[in-house]
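Labels run A, B, C, D, E and F following the written order; every chain starts at residue 1.
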């Protein structure tokens, strides 16, 4: 194609793409002039958090018990600066309150203050994954390799940010783990200690799910909604409790689907490939009929 | 190991690996001297396209309505240069026609000219995802987080390139989204407006599938082939229509499998975990027997 | 928040996170002062191996038959240096023997010596993927795009390292492919030539699985363990053969689950969505009852 | 050395280096908590300015007259964001006024508004370098290669920032050119149009120098101060006019030194290796006595 | 400043800077649509050449005699590809002949063919630097540290490209060394074997200089032109022999200036700080009168 | 040029360049298999040292008095690891003793232990530069901009490494500063506190120079050797004291040259452009005769 003709095409295409009417669905109009949360920036934040929470396994690998305080100090300070920027960018999406640097700073500091508890909780997840898998040879292998640990480290960070009222960003963080591991946990879900998922690909845990302690899932398990009540206009009503409750000690085998606001009682076992839409009493087993 | 011994091993291994007979299956012999499409290059192209199609959400996050024309201009020009190179490299794989820079340039310009329509169509997908999910809080959340948007942005680019006769590259682009999202859409499939997939992991949409407007799929759905007719030599016959047709308004719930050149009629609903190999009339519901 | 207050918080959080008691589950204590295997380093190693095994398709894309020896030489030497470092770091996790540079070097050299055989075997996998898929248009498309090739290239590397007694690292390498492709193959599994997996998302192949030649799986197939025998303390007994044996020529369609140390005989076909927990004789077909 | 002993040394050295008394000369105490100007950031700013002022020669080399507006738009916007941050950091060093983002923004916008005039002036310098050197073959060669153009592009940027009252940063920018070219021009010096320096290494132009139009210097020329008047405490009095005035059309050959607030009259020629400390009348020649 | 006002300023400044009349001196008009030589690209080329010519000292530092062929092969091939692109871009500046890829390729191949001779010649320069400096402890120190080696490696590459008729690029390459070392050698100068310069800062060697074998210069030496004959329009006549000839074995001490087409005879010694404008007979010494 | 012909040329050139006889002057033969010091690695080491010695001015610019210990800890640990590698590589060049990791580690630890004293000394240099220049406005400006500080930070590091017996590396480090600033200080020279150089381009300080406290030099000053005593074979005798001694408080103005093992007495002043080859008594002034 003659170069001159491409120049005309280029100008034409740019004109069309820069026409405001053309981008109204795909371009953020809330606060023109502010920047949007950056996917690259949030990815760095996840890496920093993992480096803080699992020293040596993520980030700088030469760390020792003598230098851990220096590295943690530098990483936490860096996290504070980067995360504050991203929270500020995310606050634009909260139409109810003003997006101020003061609010972003205060939220970020609260998040930083929760890091020790986050690490304690993730430590219980490491133990659960190790004890539940005969192929696991050490905690180190679990931390380095198991997708559940990556999914949970993102989920637990994101859940804290969700509790602190940060919009959008928690969801971006759990979707990063979804992409990395195939495990899709909504940041609003509630999950207890010693939680584990084996293999993990295809697991879905919906926004209003409540999961107790010592629960174990296998690959392909869905904790979903049965149907969405619609409002007068036929749109789904938002914010209703619509996902299952799994009490302490529940096990769900691969590819089973549990739908609706039902309760799977303490210690119940759901076999593989089962479709469950009603409460399951504590201590019972549900198997596929064949 | 003594260093000297490794030097001998190195030379021996290199000699074996550089022996032409040894690499005939794994090394491209069609046009020795030309370069192959580069995965890194194509990944940059996908990033550029996303930055053009969803300004601010992908790529540079500080963009405003005042600077969008500058950024779009630079990105489109850059896309034109990079994509032309890759198309030229890809044309090597088309044994039927010559791989010339003129042809690559012409194809690339046609693709560029389609960008505004691509964005319009992706805008309908954003709306469909937002309206279909009670957990979605804004278009921005959908664009930033939802795997379906990434899968569709790659698929819609790749489909255009496929229609323009570019070999190999469309498939590489949809496989990039497959890796990122767990959603595997063949670039040759035909998909209408307002299409969405919830969660998405494990979805497979085969090459000859035809999907209407306002269709919704859930995670784990397969639109596959039932069996392959074999030719006289026992090899699968290529190019036969072998995947389903989903008419407007169809919904398919999680983990269902629809196989063969069958038609799911307008507005039909396929429940979860169902195996469908025959036509489904418009407006009907198919549920798993239990 | 006032800056002064954040400084106090920072010091407090760092103090808590650097408290040895607090990180005992999440920080590697075996050989303080040694470095852990680096995820970035292992990712570079996988890229190098792929560039060596599939010249032009991965890594530098301008390679020709005239320059392949130079590129292979540089890449193999580089692989040798980087992999030796990582093996040395990984040997820390082997409590039975000392982690010496001599041992790491010797293992690495043995691995290098196996590269030509690895490439031969991967060549058979490319042929199997091409011949089994009517949508495949060339070996080049298979190598560039098909997730199974990435999963198998990582698995076959990792399996060699596993056979050479390297701890931890093989598992990290297969989990990298799991993240990239949704295909989860344990490095200890045994897999013959001409193996292929279509689409692949959700496939799980357990540690003691044995797979013959010319076997084909579809997406969502699990080769898993039925149940874990527990020891006197109620912990799973490690190292027992607990996954299936698939003999030559077996085909397993999508989303089927095969559990326990059972044998699927030569040429048997398992349909989609089937749950199999008992031996299947050679040449038979198992279909879902509907 | 035993690792344990290094850990003790490390802690000891860090303690000494983090002791406030120890770093009082080498660490900025003015506004603890604010960031200092970043050398990397300023280096990017110089690259951006050069890319704007000499399109195609610096920065992206594929630019055409059709795309220059897009590239200039993106670069100027980027310059605005980055330069505002650096000016804000630099304002800390101005003890007389508060360092506010508003002030930084206003200064930066004034600087941006001066870019067209800066480019006009640098255009005259390109012409002067081309016409004065029999070895120069094109304006393009002068812009790409001649150190004087780099020194003057930095000086002219820095001089604008100096006139706008920005502390510290102008000096950092001219010292970057000093490092790159061996030409040391103080940002406070005043220099007319069509100025050139041949070869350039070792040239020094002091802070209160005034240079007219069409002036040419050769390598090693110093425009310096003769002596510094001291105040009552024996310290040099700051801010006194102490460097030479060179009127229009003056030429100074290599390695000559001109010291003190003297005037070299219009069209005068100073030969090589000469030491001048008194006024030189217009139109005369000063040669080394031999 | 209000953001809205900056948007107006931005548009205004971009409009002025993109106005063709405004950039006619500073933007290359010869072949709009072609790219200009890239400074980054040429810098990579210099690094590649140095890595080829001084293996291990520049570029990859682990090279051994067993792997030198692999590294050299990869580097030379890479050099060929990158240099061809840059030569093609540079040929735009040659108004006398067409800039074709064929011509660029042919020139580049001739340059590649000269690399062994280039290395031989640079080897003599290393010996000269080592033998002439009592502080030098090894050839390795000379190659790693001495600015003269960097200046000569760039000059000798650039001189070959100059002889092959490449415009602009040779000058860019020698100016890179000028910036790095303070030594300014014009690529058209002719320099024999075993040449060295001590310290080097401030040395200038003009375009028509001719230097024999075994010549040594010290810092600050200028081999310059005395005056430029002007043509009828008062412009310097280009292309006249105007710089000195230094015969074999000449030594020139620091800061001396030798001007005009004069001959310094075989073995002559010029002392420091001397101004020479007339022939010096072979074997004589010229000292500063004091 | 036909591609086939280039392939032949490539093989031919590589063969010539990999011929051991051809690279004997330009390739390090001492300890084949060990790596040479890496210029990139040493450049990172210089950056780390500067970041440690001048916190905030070099390296991370957001540092505060609250986080300085964390950053210093991380930087010093990183310096220890990187510098040990480079020292080990450098020890190859010391033919008198074995290059062991133990020796490298011990030397590096001693160097680390000297950092507080190095910073104290550089603090005196900052004060000297500030007090001696009427244009200097703050210590911060001196640290950020003045080339003398960069030259001295490299020299003072390099001098410590020289005293610890490290070969080659000290010289590489001072030559990096030479390239950056035009100031060439041999690492073996001895320099007291409160030393400064104004402007700096072209300054040369030879290996056996001894400089007291409170000495000031201007640009272009050479402290050189007068002539080299030759041995019986006509080669310069290495290791003889051959450069000047400058006692406390000496000032040397621009472009003066001081040659040979002479003493410039306490408080003496040497004017500009002077050539000095004999002792100068304390307190006297030496001016150019005119």
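Details
Rule of thumb we're sticking to: a contact is a pair of C-beta atoms (placed from the backbone, for glycine too) under 8 Å apart; a residue touches a chain by one contact, two chains touch by 3 or more.
Here the structure is a predicted model, which means the values were calculated and not measured.
Just one of C-F, C-E or D-F has an interface built like that of B-D, with over half of its contact pairs in common by residue number: C-E. Interface comparison, B-E versus E-F: the pair with the greater number of contacting C-beta pairs is E-F. Averaging Cα coordinates per chain places chain A and chain C 25 Å apart. Averaged Cα coordinates give chain A a centre that lies 57 Å from the centre of chain E. Centres computed as Cα averages put chain A at a distance of 52 Å from chain F.
Under the contact definition stated at the top, the residues of chain B that touch 2 or more other chains are 10, 14, 33, 62, 64, 67, 69-70, 72-73, 77, 182, 201-202, 220, 255, 273. Within the complex formed with chain E, the residues of chain B that make contact are 7, 10-11, 14, 64, 66-67, 70. Within the complex, the chain F residues that touch chain D are 52-58, 61-62, 64-65, 68-69, 72-73, 76-77, 80, 102, 105-106, 109, 112-113, 115-116, 119-120, 122-123, 126-127, 131-135, 137-141, 143-147, 180-182, 199, 201-202, 219-220, 254-255, 272-273, 288, 290. Within the complex, the chain A residues that touch chain F are 62, 67, 69-74, 77, 81.
Of all residues in chain E, those touching chain D in their complex are 1, 5-6, 9-10, 12-18, 20, 22-28, 30, 32-33, 35-39, 41, 89, 93, 167-168, 171-172, 175, 178-179, 182, 184, 186, 188, 201-202, 204, 206-207, 220, 222, 224-225, 228, 235-240, 242, 255, 257, 259, 273, 275, 289.
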